[in-house]
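Take this structure, written in C-alpha cells, and hold onto it; I'll ask about it next.
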Amino acid sequence: MDLAKLSLSDQAVIASAALILFTSFIMLAQARIRPLIYAFAWQGVLLALITALVALVSGQSHLYISAALTLGLKAFLIPWMLHRLAVRLNVQHEVEPLANPSILLLIGSALVIFSYYVSVPIVQFSTLVIRNTVAVSVAVVLLGMLVMVARDKAIAQVVGFMSIENGLFFAAVVSTYGMPMVVELGIAFDVLVAAVLFGVFFFQIRASIDSLDVSRLNRLREIDE
Amino acid sequence: MPNDTVLAWLLAVVQTLLFIGAAPLLAGWIKRVKCHMQNRAAPSLIQPYRDLAKLFRKELVLAENASWLFRATPYIVFAALVLAAATVPLIALSSPTAAIADVIVLVGFFALARFFLALAGLDIGTAFGGMGSSREMTIASLSEPAMLMAVFTLALTAHTTNLSEAIEHNLAAGLVLRPSFLFALLGLTMVAIAECGRIPIDNPATHLELTMVHEAMVLEYAGRNLALLEWAGQIKLMIYGVLIANIFWPWGIAETLDAAALGVGVVAIAAKLTGLGILLVVWETVIAKMRLFRVPQFLGFAFLLALLGMLTQVILETGT
Amino acid sequence: MTSLWLLLAIALFGTALLALIGHLPYAGRVSVIISAAKVAASLWLAYGVLEHGPLLSAGKLFFVDAFNVYLIVLTTFVGFTTAIFSHRYMAHEADVRGLGHRRMRLYHSMYHAFLFAMLAALVANNLGILWVAMEGATLATVLLVSIYRTPESVEAAWKYFVLCGVGIAQALFGTVLLYFAAEQVIPNRDDALLWTVLYATAGSLDPTVLTLAFVFLLIGYGTKVGLVPLHNWLPDAHSEGPTPMSAILSGLLLNVALYALVRVKMLVDGSLGTNLAGHLLMGFGLVSFMAAGLFLHRQRDIKRMFSYSSIEHMGLMTFAFGIGGTLATFGALLHMTVHSLAKSALFVTAGHVSQVAGTQRIERIRGLIRTQPALGWSLLIGTVALAGFPPFGLFASEFLVLTATINSWPWLALPLLVGLSIAFAGLFRHLQPMVYGEPPPGQTPVRVNLLPVLAHMVLLLWLGLAMPGFLADWFKQATVLITGSWDTDELL
C-alpha cells in the first residue's frame, strides 16, 4: 500500500489513528491525574475526527451522528465529569508514582506488535483502504487494559476503562463503518451510565478506605484465611 | 565529463567548507535570539568566530600527565565531525559524497568522536573528567538506539539508508501525512537535544559541577585544542539541524547543479536553520533543566516515539 | 406479540414505580405483585410460542423461540419467588443495617431494572442489543452490591464493575468482529447483527474471523458466566451484596450469560463445521468445575461457599453444552433450570441463616436445626439437592451429563466424577456443623418466609421424579434448536 496514493482524508484518518495510539501511550505513562484526563479527552477528539472523516469518505451519513455522539460524550462530557470529580475529591494534582515507566512502555509496544498479528486475519478480509487501522484499535483496547492493570488510582483505572471503549468504537468504525445505530445508541447509553456510576464509586471508595488507591482494596481473598 | 566530475567534487568540498564555516554562525544566532528572548543585551552574530579566533591564538597548556590520546583527541573529533558534515546534503543533493552519505556512517562518525572524547576525559585522571565521561556514555547508550530507530523508520519509507536518496524520495512523494515521520521527527529532535547537550539534558552555558556533562569532559582543554572541540560541538548541532530540516522539509534543496538551484538551496537552508534556531531557543526558554536521574526517562520517551514511528510505519503505512 | 411487549413494559414500569415508592413499607408487596404479573405475562408468551412456533417481532428487534422462552419463564419465576423473599428480608435488613429511604428505593427499583435487562438480553434478536442488555445488567446491580457501604462491599462492587466491564468489553469486540464477518455476506447492514439472519447465513460467514470473534465472545460472556480464571468478581459480588441479589445473580445472570455463549456457539458451529467452539467450552467448563470444587473447601463465608458452587455448576453446564449432541444438551438445559431453582432457594435460606446467626461466617453458624428447625431443614435439604442426590432434579441432569460424557469422551468421566465428589465433600464438611452443631448462646429465630424455598424444592422434586410431558417436550424443542437434530439413539 502506498500512502501517497491515498486521498488526503484517508491519510488524515491514518495519521489520527497513529495519534490515538500515542494518546494511549501517554495514558500509560502519565503519572499526574489532570494531564491523564486531558490525554483521554484528546483521544475522544481524535476519535470523533476519524469518525467524521470516515463518514465523509464513505458517505455513511449515520456515522456523522456517531461522530457527534463521540465528541460530546468522550471528548467533553466524560472528561469534564472526571475532572470535576477529581477537583471535588481534591486529587487533581496528585501524582501516582509509577514503579517502572520504561518497562511499562516496552510492554505497551509489545502489545502493539501483538495486536498487529491478531488483526491480520481481519485486515485481510476487509476491502477498506483504512483497514490497517484495525490493528491500532486492537492495540488501544489492549493498552487500556494495561492501564487498568498497571495503575492503582481509581481515576486512572476509569480512564483505562473508557479508553477500552474508545478502542472498541474505533474498531467498529474502521472495520465496518460502525455498528447499527440502535446498538451504538445502546452502547453510548451504557457508557454514560457507567461513567456516572464510576463517579458514585469514587466517593464510596474514598469513604471506605480514605483514598482512591484501589490497590488498597484488598480485604477479599480467593481463599478465606 | 571529467570536467563535470571535477566541478562536482569542487562543489562537494565547497559545501563541506560552507557547512563547517557556517556552524559558528548558527551557534551565534541561537545565542543572540536567546538573549533577546530573555531581555539580555545580545552579543554580535559573529561572536563565536571571535571566541574561536581568540582561543586559537592562545598558548597551548597541557596537563602534566596528559598522554598522546589527550593531545590527539581534538583533532580526531574535529576530523570525524567534518567528515560527518561532508556526508549530509546541505544545499545540493547529487554531490559525489552522496555515495557515502549513509545514515549509519553518520552515526558511526558520531560514535567515533564520542569514544575519543570520553577517553580523553578519563585520560587526565581528574574527578570531573571521569564523571563527565561516564555521564556522556550513559546518555549515548540510551540515545543511540533511539536515533537508529528513528533513522530506520525513515529508511523503511524510502527503502534506503542513504541520506541523499531518502531526501530525494521524500521530495518526490510530495506532501504526505505520514504519522511515522511525525514520531520520527519528535524522537530525532529529542535525541538531538540530548546529543548536543542542550536544555533540559545539559546546559551549554554553565559549568555547574553537579550537572555538567559535556563541559566536564573538556574541562582540561585550553587554547587551540579547546577551540577545535568547541567548533566540533557547533558542527554537531548544525548537522542535527540540517538533518531535521532537510529530511522532513526537503523543499528548496538543489536537485541540479546550476547556479539558480544552488542559490535557492542556500536561501532555503538558511531560512530553515534560522527557524529551527528560534524554535530551539523557545524550547530552551520555557523548559527547565531536568535532574540527571530523569534523563533516562527523557531518552526512553524519545525511544518510544521512534519505536512508535517504526510501528506505525509497518502497521499503518505498509500494512498487509 | 402483545405478551412480549407487556412483559417488557411491566418490567420497565416496575423499575420506574419502585424508584418513586421503593422506600414505603408496602413497596416489597408491590414488587411481589409486579413480579407475579411478569410471571403471568411470560407464561402467556410461552404458551404462544409453544403453540404457534417462534415469534419474531415487527422490526425484527425481538425474537423468541423454544430455547429462550423457557429461560424467560425461569427468569420471571425466580424473580417472583425471590421478590417474595426479599420483601421481608430487606425490611429486616433496613432495620438492622440502617438502610435509608434512598437506598431502599434504589434496591427495589434496580431489582426490576436488572430483571428488565435480563429479559431484554433474552428476547433480543440483535446481538448488539444482547450485549447492551448484559452490560446494563451489570450496571443495574453494581450499586446494589455496595448497598451496605462496608469496605468489603465497596471492594466487591468495584471488582464486579471493573472486571465485568473489562470482560464484557471483549464480548463487544467479538460482536464487532461478528458484524464485520456478517456484513461481507449480508446485503442490508442493519440486518447483519440479527440472530435470525445470522443463523440462516452462518454457513457463508468467514471461519477465520468467526473463530477470532468466538474467542473474544467466550472471554467476554465467560467472565459473566464466572468461568475460571475469569471468575474473581463472582464470589465477592455474591457474598457482599444483599442476599436477594445473590439469588438472582446466581440463578439468572449466569444463565443468561451462558445463553449468550450458547447462541454464539450455534453460529460458529454453523460456520466452521468443526467442534472447535465446543472444545473450548469443554476445556473452560471442566477447569471451572474442578477448580471451583477445590475452592469450596477453603471458604469461611456461607454465601461465598455457595457462589463457588455456582461456578462449579456453571462449569458443568458449559462443559455439557461443549460436548454437544442431544443427550448432553438436554442435560445442560435441564441442569440450567434445576440449578437456578436450587441455588436461589439456597441463597434465600442462607440469607435467613445469616440473619439468625448475625454473621455469614460459617464457623459461627451452629446448630440451626435446634434454633429454628425449618431453616435448618431447608439448608440441609437444599444442599442435598444441590449436591446432586436423588430424588432431586439435579441428580437427573447430572446423570444425563455424565452419561453423555461416557458416550462421547469416556476418559473425561473420571475427572467429572472426581469433581462431583470433591464438591460434595466441600459442601458437606461445612454444612454438617452448621445444621447439627451446638447453637451458640443468644441465637434466636427470626421471622422467615420459606415459601419460595418450599416452592423451589417441590419443583426440584417434581423434575427429579417425573418430568412433566410438556416440559420434556419443551426441552426437546430447545435441544433440537441448539444441536440441529434429535438423535434418539443417544438417549438409549
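Things to note:
Letters A, B and C name the chains as they come in the text, with residue numbers starting at 1 for each one.
One rule holds for everything that comes next: a contact is a pair of C-beta atoms (placed from the backbone, for glycine too) under 8 Å apart; a residue touches a chain by one contact, two chains touch by 3 or more.
From a predicted model like this one, the values you see are computed outputs, not experimental measurements.
The chain with its CA mean position farthest from that of chain A is B.
With centres computed from CA atoms alone, A is the chain lying nearest the middle of all the protein shown.
Work out the mean CA point of chain A and of chain C, and you get 31 Å between them. Mean C-alpha position of chain B lies 67 Å from that of chain C. With centres taken as mean Cα positions, chain B sits 38 Å from chain A.
Those residues of chain C in touch with two or more other chains do not exist in this structure. Of all residues in chain B, none touches two or more other chains. For chain A, residues touching at least two other chains: there are none.
Those residues of chain A lying in contact with chain C across their complex are 118, 121-122, 125-126, 138, 141, 145, 148, 154, 157, 161, 164-165, 168, 171-172, 175-177, 179-183, 186-187, 189-190, 193-194, 197-198, 200-201, 204-205, 207-209, 214, 217-220, 222-224. The residues of chain C lying in touch with chain A in their complex are 61, 126, 128-129, 131-132, 135-136, 139, 142-143, 146, 149-152, 154-159, 161-162, 165-166, 169, 172-173, 175-177, 179-181, 183-184, 189-190, 192-193, 206, 208-209, 212, 232, 235-236, 240, 295, 298-301, 304.
By the touch rule above, chain A contacts chain B in their complex via residues 1, 3-4, 8, 11-12, 14-15, 17-19, 21-22, 25, 29, 101-102, 105, 109, 112-113, 116, 120, 123-124, 131-133, 135-136. Within the complex formed with chain A, the chain B residues making contact are 173-174, 176-180, 182-183, 296-297, 300-301, 304, 307-308, 311-312, 314-320.
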